[in-house]
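See the structures that follow.
One chain, chain A, links the two complexes that follow: it is found with chain B in the first and with chain C in the second.
Let's turn to the complex of A and B:
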């Protein structure tokens, strides 16, 4: 290797790096423009700046949420229990509804594969792709205000996750016991009851507890559109411009969610 | 008296795949302990599984007490299966159920769906299960969960589950492959004694030639889907073994 050949290659490498650098900065610049444009059309043009006023006004508006209005505490017991009950009953209903969906959507037990398997899978996707708020809006429209539409919304939202995960567990089950139950002359039902159910039961219960925990959160939110519980209380406090009361309700939600988290942690640990 | 007759049985797992069984004939008498031996991949397990149609035969006849098994419908198949006990290599117990429930599952062919949902077995079945668990030496393990037992104990649960069916034929698929030599011998002895006591013929595939010689009264040698030997253990000499196992025995 003589020095001049290194010189030549050096020039080439440096030139190449310069070009790559130029391309890179060009992309950074494009990205920067895109971010600016997004901020312009969302935050700048879509916000009512005159109403917000100065920074002091923003702080003042936030300040209205403090201190919490403790006088509403005595009205919170019932909606808190209601939220809790919506989550529990919604989860139970989801368990009941998920059983046929699991049956249809697990490829090794589905009765008529070509028809029922896609059906089961679609039901799972439908349940999961519609948000609980949307489910709640639908059921409030269907059955009116209160806890009942909340229960239905929570159940519909949970079915997909419970069914999908359980169906996948069923597809991974050890096939030995299935053969054994078939070999003693067991029916399809008996194969599911004796060879499959015992294998997936711990997973299923753990999933349901996990869903119950999430459903407590969901139940606090669905109330905002009229489906009962603490969400409904928040909405009423907002309508009365009692922002301190809103803070109190949010604190109640935190306590309830915390309880749910602790209970589900210990319950799941007891099973596994 | 002939209990089971297999005629020209052929199996291929898929239309384009190789033939696993290429026309096998065999007969099981009412007091036979028939051992099927042969190298891995010869089709021993496939043959056993065709008898109760865990594997669907491609062609051929399997006559069991006057019924041609490949031609029966789903309902008929359940009736046939409950008359055949099966013992598996990997035991195939339901791990999360008790020993008692595993044994009782042998009666599912006689139990309706509603009763089986709630595990309501007939009192007579529970009585029978206790008797059989005594015979296989597991009377102290009745309420233990199946996954708490050792390999040998698990296989004895498997034997009990097959016997409580009061079968007319016992299908045994490599019962000792997951067990150590001493326990293998105990398990084979137990299958032989209890099947004789119950008057059930046994069709057993097994890769351990010595166990086949010691426990069976008739041996069938399979190689590459074809029967290459049939006769009593006394006729299974070195040249017969060389033929069955081709170059494997040297």
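Let's turn to the complex of A and C:
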């Protein structure tokens, strides 16, 4: 290879790199324009700036939330316990419901691959793609007001996450024990029970605790559409324009969620 | 005479014939946990006044309820006004997430225990910001911003920004806490300050993971954005509220279908973008 051909190749590489760089910058530029356009549409044009009027007005509007109205506290105990129970029962129901979905949606244990695997996967996507508010609306229409639709909504919402992550864990399990159980003549069910279950149980439990923590957060808002818990209380305070009361309810939510977070942190540490 | 693992002699007569996995104190604790769970379920069903019989009537009524929502009014979901709102929802999620990611980068820097500029002052503040924006649900943020700023997309964008700070900020800082400390020590040894440590030692290590997290956050905040409008914070949720309150069930089902379709599209896009 003579020096001039090396020179030519080098130049070609440099030119190519320059072009890539130009393309990349062009791409960034388009992205930047898109951002500006979106900001213009969403923030600048759509906002009623006169209503907001200056920072002083915003500060005044925020000031209405202070100080917290402590007279609401005595009505808070029952809804807080309710929220907690909705989250617990919803998570338990989600665990029960997720077992068949996991069985269908993990590709190494699904019974009839062509039919049940897509079915399981689409159930997971359906459950995760619909927000908890929408699930709550659907169940309020189906079973009436109260804590019950909240439990169902939270269960439906969490099935997808629990099932998807567990199914992925099942697909990654060590295949040695499965072959061992098959070799001694175990049935499909025995393979799942003795080879797969012991391997995924810690992951599954830590996932469920994580989901329980999130579900407390979700349970605080299902009440906004009539499904029980602290959301109902906050809705009531909003309708009365009692903004100090709203602050108090939010503080109660923070306490409840804080407790949930601490418990779930230590419970997960104990398991892993 | 038999010998147990500790070397003590144990007479065979005391051993039970059937093998059980859990020995005495553990088995008692397990049964205690089972009992507690059952009692807890029973007590909460009682406390929450849950009418279980409605659960069965739900299936009985299931057909008639579903028939109220069928067939979905597809033409409504293809209406030009509605599509414009869908587009605005996408933009709202986009701007909110972007803003949130930009803000959460410095917060994540301060909230990572290993590279934070000051462990006693900045670290707890940054942790608290992340905790607070995570703890309050994005719908509540949306309601609060609507009260303060009025209807429109600005409160939606801000609610999604706070959601992103809580969500991405936490994952970002967890990612930073898991980095290799070698490069950090190298930059510190050459006299770099903590900003230089961040830029030259931390960012190159977490860049890929942060991009993945940002895309995932966008996906999640888009899901939230579809409903934020229900509380007046802009986007297609407003249509959902209108049609639900006027009991136009066929339109409701069309909107729900469109939400599901959009979320599937965004999930596929985000999976593709994370792969690329």
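Just so it is clear, the second predicted complex is superposed on the first by the 214 of 272 C-alpha atoms of A that agree within 3 Å, B and C clash if a C-alpha of one lies under 4 Å from a C-alpha of the other, contacts with A are read in each partner's own complex, and residues count from 1 in each chain.
Just so it is clear, a contact is a pair of C-beta atoms (placed from the backbone, for glycine too) under 8 Å apart; a residue touches a chain by one contact, two chains touch by 3 or more.
Keep in mind the model is a prediction, meaning the values are calculated, not measured.
Peer 1: Which partner, chain B or chain C, touches the larger number of chain A residues?
Peer 2: Answer, by number of touched residues of chain A: C.
Peer 1: Using the touch definition from the top, say if A:185 reaches chain B (first), chain C (second), both or neither.
Peer 2: The first partner, chain B, only.
Peer 1: Touch test for A:86: chain B only (first), chain C only (second), both, or neither?
Peer 2: Touch partner of A:86: chain C, not chain B.
Peer 1: Quick check on the superposed pair: does A:243 touch chain B, chain C, both, or neither? Answer first, second, both or neither.
Peer 2: Once the two structures are laid over each other on A, A:243 reaches chain C alone.
Peer 1: Touching A:201 in the superposition: chain B (first), chain C (second), both, neither?
Peer 2: Touch partner of A:201: chain B, not chain C.
Peer 1: Looking at A:193, would you say it contacts chain B, chain C, both, or neither? Reply first, second, both or neither.
Peer 2: After superposition on chain A, A:193 lies in contact with chain B alone.
Peer 1: By the touch definition at the top of the document, which applies to A:6: first (chain B), second (chain C), both, or neither?
Peer 2: Once the two structures are laid over each other on A, A:6 reaches no partner at all.
Peer 1: Where does A:43 make contact in the superposed view: on chain B (first), on chain C (second), on both, or on neither?
Peer 2: second
Peer 1: Under the contact rule defined above, give the chain A residues that sit at the interface with chain B and also at the interface with chain C.
Peer 2: Common to the two interfaces on chain A: nothing.
Peer 1: Which positions of chain B touch chain A when the two form their complex?
Peer 2: 52, 54, 78-86, 88, 90-97, 105-111, 113, 116-117, 158, 161, 165, 171
Peer 1: Across the complex, what residues on chain A touch chain C?
Peer 2: 34-35, 38-39, 41-43, 46-48, 51-52, 58, 61-62, 65, 81-82, 85-86, 88-89, 92, 125-126, 128-131, 133-134, 137, 141-144, 146-148, 151, 217-218, 220-221, 224, 228, 234, 238, 243, 246, 250, 253-254, 257-258, 261
Peer 1: Considering the complex alone, what residue numbers of chain A touch chain B?
Peer 2: Chain A reaches chain B through residues 176-177, 179-187, 189-190, 193-195, 198-199, 201-202.
Peer 1: Over in the complex, which chain C residues touch chain A? Could you list them?
Peer 2: It comes out as residues 37, 40-41, 44-45, 47-51, 54-55, 58, 61-62, 65, 88, 91-92, 94-95, 98, 131-132, 135-137, 139-140, 143-144, 147-154, 156-157, 223-224, 226-227, 230-231, 234, 240, 244, 256, 259-260, 263-264, 267.
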